[in-house]
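There are structures below to look over.
Across the two complexes that follow, subunit A remains constant while its partner is subunit B and subsequently subunit C.
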Partner chain A sequence: MAVEPPTFQLGLALLYWLAAFTSCCVMGLLVGFVASLASYGRNGPRVFRSTLARGFQDLVKVSWQRCQALASLTFKEATSRKAFLIGFLFILLFMFGGWFLSESNVEKPAMPYITFVMSAIYFLLNIMALLIACWGLPADIKARSLHTVVTKPVRRSEIVLGRMMGYSAVVLIVLAVTSIFGYFWIQRQVPERAKDQLIARVPVYGEIRFLSRSGQPAKSLTNVGDLWDYRTYVEGLTQARAIWEFDSLNVSELRKQGYVRLEQSFEAFRTFKGDVSDQVRYRITLLNPESGLRVPMPESYDVNEFSEDPEASVVIIPEELTYVESYDVDAEEKTVNLFDDVFDGNSLTVEIACIENEQYLGVARGDLFIRMPDRPFYVSYIKSIAGLGMMLILVVGLGTTASCFLKGPVSTFLTGSLIVLGNIFYEFVKDIYSQKVVQGRVLGGGMFESMYRLVTQMNMQSPLPDNVGTDIIKFLDERVFNLLFVVNAVIPNFTYFNTNQYTANGFDVPWMGALVPSFLITIGYLIPLIILGYFSLQLRELESK
Partner chain B sequence: MSDSVIEIRNLSKVYRDFWGRAKVRALNSLSLDVKRGEVFGLLGPNGSGKTTTLKLLLGLLFPTEGQVRILGEPAHDVEKNERIGYLPEESYLYRFLNADETLDFYGKLFKMTKAERRERRDALIKRVGLEHARRRQLKEYSKGMTRRIGLAQALINDPELVLLDEPTSGLDPLGTADMKEMIRELKNEGKTVVMCSHLLADVQDVCDRIAILFRGELKVIGSVQELLEAKEETQLVTSSLDDATIREVESVLEKHGANLKSFSHPTSTLEELFLRTVKESEARPGRRFEPGERPSATTES
Partner chain C sequence: MNQLTVRQRKMVYAVVAGLLVVPIVFLGAPAGEETRSGGKISQLRHDYELGESSLGNVDPTSATMNLVLLGFRGVAASYLWQQAEHYKMTKNFAQLRDTVESIILLQPHFKTVWEFQAWNLAYNVSAECDAVADRYRWVKQGAKFLIRGTERNKKVPELQFGTGQFIGSKLGLADERDVYRKFFVSDPDTDLWNGGPDEELNPEGKDNYLVARDWYLKANDTLEEPGVEQHRMDLALFLAYPYRALIDHAKNFQKDGVASQLDDDTTVQGEQSQAQRDETYNSWAAECQQKWADAYDEWTNIYGMKRIESSGGGTIVLEIDDAADSVLEELAEKDDMTFEDKSRWRDRYRKTTSYPYWKRHCEIERRDEMTRARYYLAEGRRLYRNIQDFEGSRQYLEQGLALLESVFQQYDTEEGYNVMIIDEGDTVEEALKAMLIWRQVLELLGEPIPEDYPLKRLWEDPNFEYQREDLNQRFLQWQG
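Coming up: the complex of A and B.
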């Protein structure tokens, strides 16, 4: 089993961010303009303009020294509020937690320990980040100690930034301490026979494209009637091909290893009943699109989809490749070097054909990957922790911003809800979205349609009556869907940050699949959060009501 | 640059609750100027709007109507704060810091270098007499000690305008005397001081000009001398005299047709003015000081 990372397209993400950011700004400006008209009447536009100009200055002319001073103040404040006790709580949890974990997973004995540590850190620190970030500023305003600060030449943007930096430092320190503790705890607790599971396997995924049965480039191949079209099917003994291109490979690491290890998880689809144990076979050809070199691997391979043996799905490609260009008996044998001749720079292209008449080979992007040399467990562990750290910074950012205009309990509630939503909402909306796009409709309809069905006890499949009521329901549902998509575009997708699954299953955490997106998401949210926090603090009287 | 350090024009403030309903009209159309280099006293009974005025000047509150200019800038300007020191009504400081850390922190907010901060901090702690307690957290401080560190904090940047909200509240007599001395020193250094207080003796001692607020309205404004000179009395303050000397002075006075009414400590005549103003304002609400009117006119009746 491999954990296939979601694809993350940097350019697209950036474009999305720009679109979302711009529309949020435009909306904010509109709301601000209307509000200034409402409260200042004829002077509204002038006030609006000067507020904006001031805001721009305050956000651009931030002083690093003042931010640092405010951050270290925040840090001391958190210390004085005993925030670090969370660390002790964590360690306490572990002194007893181990008793309940023994041998719960037979197949992967190491997994429960890793999962336990990571989820304990995840929950404790999230709660900690949430609480300290949401309560600090309101307490500061209530005690009016902030009065003394804002009457110094301090920009409110510096207050927001300084707070975020201070809380982040607190949370990251606790994170570092608990995760170091957790690491040694895992090393001690995992039973000796399962120690080899503490590893970071490194699958490298490629991009997939297809050739149709007549050899033309195609978006996808045969659909065998699965509702869920994760896989597409390569028809046997036609010109249909699935082609993977693996980019940005670390060639020197592979050279040192001396071979390339491919792992597959294809599915065999049989059109006639035969013996299930009869294997469907496939053939591999390595391509160099630059030089036009085609190297067919001399053997063919079994799909082995039901095999228990993990090595049954492995194909080793040696550095020295000896092959014949055609299958003629008297064809000449040739020898090439995998890394020098077949690799195009640091990318490798692999073409898969099914060689079973009237059988199909089910393939998806994640079904073929290159296994790089394994890395030590701590690599994956540290990366997971780093992902978590970025999530915590985002939580701190959300909490601090909320606390700029809300009181402690309310901002805790708001931020907490955002975290929960950010963890589940995305999947929920993605499901609706894919149903809409792939099937053209959502099973059971949207909010209003399903309410209608619920009330009339109509089943989910039968069509609605053809009348005006239906049109109205459909129209409203469409708006609700759009609203959902908009909300989804604004709520942070926290699922990226939780990379425990990789680590617990013995995989390395991929950069592009998890860490880079987490980092960008964090930055992407912090920028508008700081702006929002600044204006909320700037435009309010610092008098607790 | 004009010689008005503070200009307040038609300033009104209505406190509203969460729903935006008006609760209190804390200031009503206040106009006054504070000149460069003077010590200005803002007087008034509890709840008359003194603190509100200061907060409006500092941009902590937003005016309902009217404008303020402070050091020639609008209240929300950040950079003007470089030249302002503010001692809040209660010293709102961070209770988990000690005196050293507190001053260091505020010093950093002015982008002072480490050496500058250390020098300034040591001088101020000495000046407010907290050397014995500089390493103790502020939460352990008594009220007067908190006041002292609050003052030190307000002076950290060597400000050219100092706003003091009840500087002597909570201070012992010695502290009060120190405070007055310090205010005089500030004046001598050419700084402008605005202070709120109820302790009229203090105000009388140090202020050049005063304004009396009542329920958010300006009732009296003028120089202390001007406001009190209508009195047909002369006060003599000398170093301690023995009985013989006092009799001698008496005889000299008799010769000139005057008699010695008392030879105790001077009474605060400002107190009389204050009480009279408040009583009058209560009796005749609505009447208030108009620019151009002679200030003592309100006090004559």
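Coming up: the complex of A and C.
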């Protein structure tokens, strides 16, 4: 299982958000201005200005006490509507959860159990958050109980915010209870021999570069024809190398530990089977680019590909390293200190070579990392749950805002669609976008080209005929792609919230790779959602139900 | 009713409810472990084999999942198949395994799911691993998956047959066969199985071919149930597999026994050691001959006398002897055909199944001369390669080749050809290899090749010139 190192650029993300937010604001203002002109004629600009001014006041002068009171009211309402029943459903699911994980077996790893708990929480609480957030406000409007609230000295922005806070509190309480239950369920269900997989490894990833078979710098190495182009392959017994540079290491912590632990998930590719009992082997050389020191590790190591035991793929580099520089029998043994001599400040450079003739070693950036001291499983689990919590707050925000201007079923549909789009559509469009950027074209084309290929039963690779029709199709597809990219820029990326891949594979959930993006996405959407929700509720005629 | 108090009304309701339970129990009680138990509906379901339980074990989760999904089972199954392919491509095998588990919850009686995904695990996923123990673990996963398929689909003989193939052919014919077959009786996961076999696959610790044979026999038994068919191959070939597995078992026992037991004893010079070796040999030889005799017996007396459906109408038996002929005559009479017609169809099926070849093969291998010949040849090779006792090697090789010659002679035909030379390719190759070593030994001893020697005609046969050259190349490369 490959866990790709997280990539998240904070500065770029903030800039991106600012651009999207400004664009949305400008568009919103334009739409509002046109609408006010259409509704009030000459008085339109004045109404527009006064609405904006009041909106600014309402949004800035929010009373937290009133928000809390409204949140508490919302909480009580949700409780009376038996929102907590979802917790019982969850517990019921766990009671029979073993069924879904097949009757076997003692050989099963811990991963499916963790995935099951996380998925159950993910789906059930998503539905819960969706329903209570989308149906609360329309139900209040229908029952006219909201009328009582709006007659009190309370701003509509406080109503929106109070609703969001109240619903969030409900789902977070259910999340806390179910996750505690889930934690103990995992501890109880995971087979004894897989218990050691319940850890939170802390990887430090480096940057990778390559040397070709002739020892020259290269962008990538051999392609062995694997459909999945995640890895590139180091040819055995040539000068081909994969070199990782680990920067910004916490040397004092490593020094305290007394060794450096490298963990790998390389893949072997054989051009011939050879002795089936022997594995493909690799060799590690530690480099100090500053001093030019090269320290080859005395042993070579088995690939241990796809081993379910993480310890099988670990190499311990001791503090005191004894090595010989050449293969001569009389070569002198030398001893160096790992932290003083091999480390270049707080950086470590590791070179990997495949030592089997005519065999290959598959490598990717995430295939080698320095494993810092492990943390307990609950650390990773809590972080995963925190990620889910942020997602639920966002769903509540989306649902509440939608319910400010739509009726219950329609806002449920809208929010549900956004969740689905944010999970599936986002990745789909991202893939299309990267194809367009990297290859200049999308395999099979856009909507119109795909329709043409379907009707004419043409495969995805064949070029279209060179005529006017093709030009029109390409022109139209280009517009559709642009629209898709714009839509994708507005839809929240839900994939960051699901950190199951880290927890289930025994990794700690990274702050910068998962939790910080989750937090920023939540905040980044809540701000415009509150503004949108406020104006929707402010301008809504409550009597129209 | 209106004059009754609330309490009295409740009592009446309770009595009515109690009375209604009686017909419900009578009609709808679920089936117990005994066959034809339960309520009337359950009994009728059993009689007409309409219930899911008649197809195999029922998994309550599977039934629940299908209910919960309402009409979207197909959509969910398609999505899961795509997910499984994605996980396979991205080598996320733990997730692949779990996705496959979800697929079978949705499609428990779709034979192809079981076959396709079991092959996926045992052949495609296992090939991705580099350590042979890891590869074996995935082959086991595939076989276990298929076994679960057989439990859920008791009337699908192809699944039982497939399990036999996994355990017999996949373990027995792969490049890693020697290691796999050892792992089959002594699992590499010692923490779990304490050095014994994986009891989920091999509870009795038998050879893989014997376990495969049990599965093939189960498939044959299932085929005898009314209304059950198989669509994998011609029936005569399908039915032959348990008996072929017994032949494979004997063949591998012969090969394993000579190689491993003799290699253990490295001090051949001592008298006591020789006695030990003789005892080892005698015990092994007796067991080996018995296995070949059993294989011959089952091939001729059980498989050869099986009534096999013929495309020419009715049934036939494959064996040819007095007893079998009288059976065939009876069958001809019953099917309203002539004996000649029946014989013609019998000959066709004998060719299809290579029946005479396997019969003759067992007949040759069960001979004492043949067992001894194989022992002498293996011993001669061992002395040459491992101990460099060239004189001893020469003696063993000459004795072995002489014995082999005596067996070959018994299969000379009046037409001038030898059946063994034509049909017994493995034996011919073994003889050629032995002669290569023997010639090398003579050269090392400084002695000329004699004018006449055993199996000279084989060495000089121009049909084997290419094979001889190839073996010679390999011999020079590997030195025996």
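Definition applied: the second predicted complex is superposed on the first by the 378 of 545 C-alpha atoms of A that agree within 3 Å, B and C clash if a C-alpha of one lies under 4 Å from a C-alpha of the other, contacts with A are read in each partner's own complex, and residues count from 1 in each chain.
Convention: contacts are C-beta pairs under 8 Å (C-beta built on N, C-alpha and C of every residue); 3 or more make two chains touch, one makes a residue touch a chain.
Note that the coordinates shown come from a computational prediction; the quantities given were computed from them, not determined experimentally.
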>> Contact-wise, after the overlay, does A:V280 reach subunit B, subunit C, both or neither (first, second, both, neither)?
In response: second
>> Going by the contact rule set out at the top, does A:F184 touch subunit B (first), subunit C (second), both, or neither?
In response: neither
> Thinking of the overlay built on chain A, is A:S145 touched by subunit B (first), by subunit C (second), by both, or by neither?
Replying inline: first
> So, A:S63: does it touch subunit B (first), subunit C (second), both, or neither?
Replying inline: first
>> Let me test your reading of the model: by the given contact rule, A:P153 touches which partner, first (subunit B), second (subunit C), both or neither?
In response: first
>> With both complexes overlaid on chain A, does A:N304 touch subunit B (first), subunit C (second), both or neither?
In response: second
> So in the complex, which bits of subunit B are touching subunit A?
Replying inline: 17-18, 55, 58-62, 76, 78-79, 81-82, 84, 86, 88, 90-94, 96-97, 101, 105-106, 108-111, 153, 157
>> Taking the touch rule as given, give the residues of subunit C at its contact with subunit A in the complex, in rising order.
In response: 60-61, 64, 89-95, 98, 101-102, 105, 128-132, 134, 144, 175-176, 179, 189, 191-192, 200
> Which of the residues in subunit A come into contact with subunit C in the complex?
Replying inline: 1-2, 96, 99-102, 104-107, 109, 111-112, 115, 193, 227-228, 230, 267-268, 270, 273, 276-277, 279-280, 302-308
>> Under the stated contact criterion, what part of subunit A meets subunit B in this complex?
In response: 54, 58, 63, 65-66, 68-70, 73, 76-77, 79-80, 143-155, 541-543, 545
